[in-house]
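Beneath this line is the structure, given in structure tokens, with notes to follow.
Chain nomenclature is as follows: A, B and C, assigned in order of appearance, with residue numbering initiated at 1 for each chain independently.
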Amino acid sequence: MSRLTGNRFVVPVLGVLLVVFAALLPRLDLSVPGVLPGATYTPGTLQILAYGFLIAALALSYHLIFGLAGMLSFGHALFFGAGAYGLAIVLRRLLPAELPAGVALLIAVLVTLVVAFVIASAVGALALRVTGISFAMVTLAFAQAMNVLVRRNTGGQTGGEEGVSVTSAMVPDVLIGVRNSANLYWIALAILVLVYLATVWIESSRVGHVAAAARENELRVRVLGLRPYTVRLFVFTAAGVLAAVAGMGMVLLQSGTTPRVTSADFTLTLLVIVVLGGVGYRWGAIVGGLVYTLLDKRLSDLASSDLIASLPAVLRIPLSEPIFILGSIFVLIVMFLPGGIAGIAHRVRSGGESSHAH
Amino acid sequence: MSALLHVEGLRARVGGQQVVEDVSLDVADTGVTALLGRNGVGKSSTIKAILGIIERDGTVEFDGRPIDRLRTDRIVRQGVAYVPEDREVFASLTVEENLTLATRQAAPNRGLVDELFPELRERARQRAGTLSGGQQQMVSLARALLNDNRLLLVDEPTKGLSPRLVGEVTRVLRTAAEQTPMLLVEQNLQVVREIAQDVVVLSGGRVVHRGAALEFLDDQDLVHRHLGVAA
Amino acid sequence: MSTLVLLLITGVGLGALYFLVASGLSLIYGLMHVLNFAHGAFLSLGGLLGWEVGRRVGDGTWGGLLVSMLVGMLVGALFAIVTELVFIRRLYNRHIEQVLVTVGIGLAAVALFEGIWGSDPIITTKVPWLRQTTEVVGARVPNHIWLLIGVAVVVLLAIVLFLRFTRFGLVIRAGVENRTMVTALGIDVRTAFTIVFAIGGAAAGLGGVLASVYYGNVSAHQGTSLLIYAFIVTVIGGLGSLTGAAIASVLIAVLQQLANFYLGGTGDLIIVLALAAVLLVRPSGLLGRAA
């Protein structure tokens, strides 16, 4: 019992310390050779870490749908894309208004949130009428429709294959350019923390409990007089809006976006991340997002290194394809390590506990 | 008398729900052992657990050898035939195809099946899904009896049938039981009285009574307490 | 009029291509409840290796094309068999994990193909006759459309005959309906799994070679982009229904062609909406059994 109450305090304290440490990184000179491309204060490293945070936030929002509610969605990229494209497009539409940059950004963020909410609740309301594989297919179809619209440069707004860029006049100067990498980094960190807190709140709420219960046994929830549909719609919509928040962070971080973030492949990547981190674990999604981002980056660097270039083709070709390596790791995890990284940690810990007990 | 099927501490779950708590029973190597109990006490689940159709643990020995780790098809190939609740004929296949699919041996007992179910022969090319409930039950029984089995697991074969058909199915079961021992789930106590020699009674996923069939059926109190009906 | 005829016939041709991918997907789902995301990789590898062997035998000749098609089928079937035996089988009855594994295989395999063959499409040489057109009521129909339709019809017939007249076909048909009962009759249904994967892989591999004829190129990505259409077709037709897949393939492809021409290139959008509509009105698909 004392252990449990101990955990109650230890976990949040550890969490706060971790966030403070992460927030201080741009002011520190730490190097982790082989993992980070340079010291922690360098723009390149901050950029990658910020990217990782946003992917982690996105993975957390996907965790709500897949991990908490147990719904296999193949359309989550839709909401991330809605956030990214929404912010960029609204900003450009606001351009003639000659608003101060900060105000314009705030308005654009609010408008995008509303748009994301509407899209997520509409898609959810339709898709949740079916379950299982059919649900996966409907979500895939909607995401694919978005992908098609975006690539087609619908209404001359989405820029086709080129994508859209953020109009710099509409964004405060402190968020632009390599000099301000640290600011963007902090925004990304703030988004991750925000999404995390929202996820915790949803999971510990009554709705979260019912969603989890409906995942295990839909019938029992119905017997209790609750409609799994409503609960799932809430979770689905919340996850969609949170994904849009991550998307908005991404479009600011990269000063633009391309159709890739709305593709089915992008959702599949998200699935890989959540499974890599450990399905059902919140921090698994975060660790998965970070590990995946860093691994992807390092593997890409490795691919263009002299070491790889000097290898015979049999080794060179597979090793120079990051997605091949990541895909293979993913397959191995699914086959042999259900629970992913979080699962391993869990097993190590509970293994330790049981040996204490004996 | 010795036990052909020996079940000890059997437990099984369906969809996260414990449906078989702790069942221990023996099926004699001759005659019919009836598995009784009210609705939802885990009779069908016990049979499915024995066959490994649902996840189970505990000990199941068939003819002295453990089968609780084997896949369903391996268990069946040892000569354990299954006649499921609700028939489960393949609706889109013809009667003939249903029988062909079930045939496990080079020389199936077509003579016996034709004799017991003359109607099926006439309807060989008809889709099983278009048959009446009674005819589907015959297909289901025929699928089992085509092969030389060492044990029959038969689940509520008379459910939903007219009195005439109940009589016919009972006759078939009696004929089958002359050759092969049987574990029979049956709600119709008249059928049990006619063909069963032993009974095992379940309640709440556990065995609450074991004994000779007639002794049990003649004890009004016992029947009423365990089954909630008059014998 | 001639435009409409052209659109209808090319639509059926495209539908033939969709069917070659969707037939396997539908059978695999029907029997095993696995949505196979690796199916696109079967197609890509079939197309790529078919092209590699075919051009060495005779680039742009009938002989070369025939060899390509045989190689494509063989490669697709082998890839599928390995996938089933090594990965899917070990995750028996764990459907989500099985889907995840196929996702991983799909991603990894396509990346590997990109490493070997590059990410740009490779232009292929067509048999001269296939480059010409045939006039049908005023419409000049490209001859490769006839090849696609012909092959798809042969494949459809072959699968139907296999399902209808062989022991394995019987097991597969019964398994699609009620797999548990098939095992309860003492049949090791896993052999049927491997066979279904092999058939699906062979059809997809053949589809890869025909896709290279249709598009005039081969690429590592070809399978992935066709896969999404095939999913849509499979779901609309009713998961597990071969006839449903065949009908939906043609319907969807024709609809796509018509919308692309008459509604300003909205073909992709229209079929996605069609999918959403069908699922909401009839969740089990056109010919699917109610769950």
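The rule is short, and it goes like this: a residue touches a chain if its C-beta (ideal position, glycine included) is under 8 Å from a C-beta of that chain, and two chains touch if they have at least 3 such contacts.
This one's a predicted model, so the numbers in the text were calculated from it and none came from an experiment.
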item: Result of counting contacting C-beta pairs for B-C and A-C, higher pair; value: A-C
item: Centre-most chain, if every chain is reduced to its averaged C-alpha atoms; value: C
item: Distance between the centres, which are taken as Cα means, of chain B and chain A, whole angstrom; value: 52
item: Distance between the centres, which are taken as Cα means, of chain C and chain A, whole angstrom; value: 32
item: Whole-Å gap separating chain B and chain C, where each centre is the average of the chain's CA atoms; value: 43
item: Residues of chain A defined as touching chain C within the complex; value: 72, 126, 129-130, 133-134, 136-138, 140-142, 144-145, 148-149, 152, 264-265, 268-269, 271-272, 275, 317-318, 320-328, 330-331, 334-335, 338
item: In the complex, chain A residues that touch chain B; value: 216-217
item: Chain A partner contacts - residues on chain B that touch it in the complex; value: 15-17
item: Residues on chain C engaged by chain B in the complex (per definition of touch); value: 170-171, 173-174, 177-178, 180-189
item: List of chain B residues in touch with chain C within their complex; value: 51, 53, 71-74, 76-77, 82, 84, 88, 90-93, 97, 100-102, 104, 143
